[in-house]
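Structures follow.
Below are two complexes that have chain A in common, paired first with chain B and then with chain C.
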Partner chain A sequence: MEPHTDLVAMHMSDGIVNAPTSVIFGLVAVLGLAVCVARARGDLDDRTAPMAGLVAAFVFAVQMLNFPILPGVSGHLLGGALCAILVGPYVGAICVSIVLLLQALLFADGGLSALGTNITNMALIGTFVGYGVAVALRRVALRSRGGLVVVAFVAAWVNTVVASLGFVLEYAIGGQGLALGTVFGLMTGFHALIGIGEGIITALTVGAVAAVRPDLVYLTRSAAPSLTIKSQGVRS
Partner chain B sequence: MGAGHAHPLYRAGDSVVHRLPAHVKIVVAFVFVLAVVATPREAFAVFGLQFLLLVGVWTVARIPPGWLAARALIEAPFVVLAVLLPFFATGPRVEWMGMSLAVDGLLAGWNILVKGTLGVLVSVTLAATTPLRDLVSGLSRLRVPSMVCVIATLMLRYLEVIAAEARRMRLARVSRGHDPRFVWQLGATVRSVGALFLRSYERGERVHLAMLSRGYTGTMPAFTTASASTATWSVALVPAVAAALLALSGYWVW
Partner chain C sequence: MAFYAGFLVVALLLAGVVSYAASSSPDGLDAVTQTGCELDESGEPVGGTCIAQNAGEHATAASPLADYTVGGSEGTTGIAGVIGVLVTLILAGGLFWALRRRSSKDETPSRVE
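Up next is the complex of A and B:
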């Protein structure tokens, strides 16, 4: 897979926040993921595990699509809202974490000591905020496929901007050099733009899946009529 | 699935470093990077010595420095951030070549640059000496929940499926008169993302049914590697412990 060799890093590298902050957010990430693994057992059987694998692979692949913003500064799909809408927030957070872990281990994208902060921002904050927005707008999503597409766009945009606020928080705790206002302005400004790209891709993907396989969309799945076994003799 | 067992940063070899169990290498890499990050930014010499430790590991692993340097370029965007810091930071400033630079910004930029570079070099060293499936089995030895390892394994396999599917779709577009120049190709790719997802899913679904019919029970077999002896651990941890001691010395000596 040649494209990997010329991809551009966007995740936080080592040294952006200090060691205590790295360790604290490492613990936050481990605790958060432990909760996700415990809760995901209900969402994941051996039939849906491949779906989770595919969603993770898809996020991995689509993260290769970079939106250039300025020379040297580019952003990409974070995938949190996409995962949350398609496989649920717990499995979704695990999927994004796996993507980040393997990018750090295999492609040196994102520092090893920054894994905790990266997972906290993109996997935990991003996925759960995206899911929260989607659930809040669920009534719109259930109304029509167009509604679902709009909800996917909004969830992805909010997910991107809020995940970038996670970086600002970590920088406030353990970063050095820039004034916090500058960091806040740069991060939210760029990510408000990245969020549009993220929203478009999320909306397109969720829309396509909902058109052909609505049974695969976690957000609206419970609303779909399910088959029930009725005992003999019951007439309606 | 030949590509499923290698990855672009892997460099086949048979050195001591290559033969170390993957879970040992993962732990060593994490300890080393944490030591680098914990080093005070003014301890300039410590970073040099930590770099020399890495050079030692590369010599043992027989990885040429040029090969590493090319792959470490992934951190280039962060260099831009580091270069900008002296201009935008607050605090006392110094004049240098007619430019007004913030002292704190200079140190902060240096901090990101040196720690980011050492961190990337550690990651590339780990990736260069560890094949893909060993990394996942190493993670499972480190008590990463089996659900995570299964999803990670499936993800790595589906990456191949998605890449192949994307190639087929691109070929189909080109053979229908599509002009595959970069910008237009990007637009078409973005528009066909949803179709790519569905095609990959349905291909994966067929693969999964094939797996079930061949006795797949929900867990991947052979998630074990040889366990590491105390002797292996103590030898492998030498660079990491040395880096940690150097980091500590940075607070008193330098």
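Up next is the complex of A and C:
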């Protein structure tokens, strides 16, 4: 078996953008996560808290699975849309952030000073934009499981591409080494392809959960909370 | 409960077994940061101009789980992956369990055993 020399680095390393840019996006990440922690409480109960822990563990696992997109180039799941659809955007952003934190601390993947940029791109931008797409298409998702699977694919694809645009923004502010137009073209081009893989994985996962435990799919559950939670006494 | 157990088993199999089949090519981001450089066999930039030249040695490169291996040994990716899944589950699950709304006694139609 080939040694996995390049599996090692999947996220931005230290020094890819300059120190001021790292500090700015470190602050963005801290503020964003503070809001998420404050709002996550409302989405967590005895049933959804274990699910959220499992979703984070699942994202860690799937992020290890690089799939080829072009000769010599691979991609892997980012997971923001997947998390948001299953456990909500606030809890979902925390799930992705915990994965990124552990990868940086334990697995030497993603620089410590780059945690702010990596969290901003994958945990905040990807998760919330992906969730926004899913909410915009919620009518389709509520129609049938097939509709939900399609919505999951589209939300995940957009999540991947906008997360890559986050990198382009950070590079524009504090990076050097390659023309900005080239960075933009390559990042969006590669991630439009990676997004297809992200979309397939997200669609399969959300579809599987919806088949077995539709009550654990946040996107479709939160649209009709009174039906699922208080079905005993109150008919709606 | 069976669903949660099944979900965990899937994650463990993906990280512990399927991870050996993962592509070893650089991901989209690394492919961009390496554009313009010649790379040596370990993927380090040795010539040309590229974004990756600005990258520093990782601060936790000496971690026992660095590079998704156990102690740097080849073929231990699956073990490192299983450890990662369990650590993530404990940390994230613990945080979310602590943050959750405590259910009041009269509104628990289905309790998690």
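Note that in this section the second predicted complex is superposed on the first by the 207 of 236 C-alpha atoms of A that agree within 3 Å, B and C clash if a C-alpha of one lies under 4 Å from a C-alpha of the other, contacts with A are read in each partner's own complex, and residues count from 1 in each chain.
By our rule, contacts are C-beta pairs under 8 Å (C-beta built on N, C-alpha and C of every residue); 3 or more make two chains touch, one makes a residue touch a chain.
None of the values given here were measured: they were computed from a predicted structure.
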Chain C versus chain B on the shared chain A, clash or fit after superposition: clash
Touched partner set for A:Gly181, first chain B, second chain C, both or neither: neither
Which superposed partner A:Ala40 touches (first chain B, second chain C, both, neither): both
Which of chain B and chain C A:Ala57 touches, first, second, both or neither: both
Contacts of A:Gly207 with chain B and chain C, given as first, second, both or neither: first
Which superposed partner A:Ser22 touches (first chain B, second chain C, both, neither): first
Against chain C, colliding segment of chain B, chosen among 39-47, 57-65, 201-209 or 237-245: 201-209
Interface residues of chain A shared between complexes with chain B and chain C: 1-2, 4-5, 7-10, 13-16, 37, 40-41, 44-47, 49-54, 56-58, 60-62, 65, 72-74, 94-95, 98-99, 102, 104-109, 111-112, 176-178, 182, 212-213, 216
Residues of chain C defined as touching chain A within the complex: 3-4, 7-8, 10-12, 14-15, 18-33, 35-36, 41-43, 49-56, 58-61, 63, 65-68, 74-75, 77, 80-81, 84-97, 99-101, 103, 108-112
Chain A residues touching chain C - in the complex, by the definition given at the top: 1-16, 37, 40-42, 44-54, 56-62, 64-69, 72-76, 91, 94-95, 98-99, 102-109, 111-112, 164, 167, 171, 175-178, 182-183, 186-187, 190-191, 193-194, 212-213, 216, 229, 231-232
List of chain A residues in touch with chain B within their complex: 1-2, 4-5, 7-10, 13-16, 18-19, 22-23, 33, 37, 40-41, 44-47, 49-54, 56-58, 60-62, 65, 71-74, 94-95, 97-99, 101-102, 104-109, 111-114, 176-179, 182, 200-201, 204-209, 212-213, 216
Touching residues on chain B, where the partner in the complex is chain A: 3, 7-9, 26, 29-30, 33-34, 36-38, 71-72, 74-81, 85, 88-90, 104-105, 107-109, 111-116, 118-120, 122-124, 126-127, 132, 135, 139, 145, 147-148, 150-163, 166, 186, 189-191, 193-195, 197-198, 200-201, 204-205, 207-208, 216-218
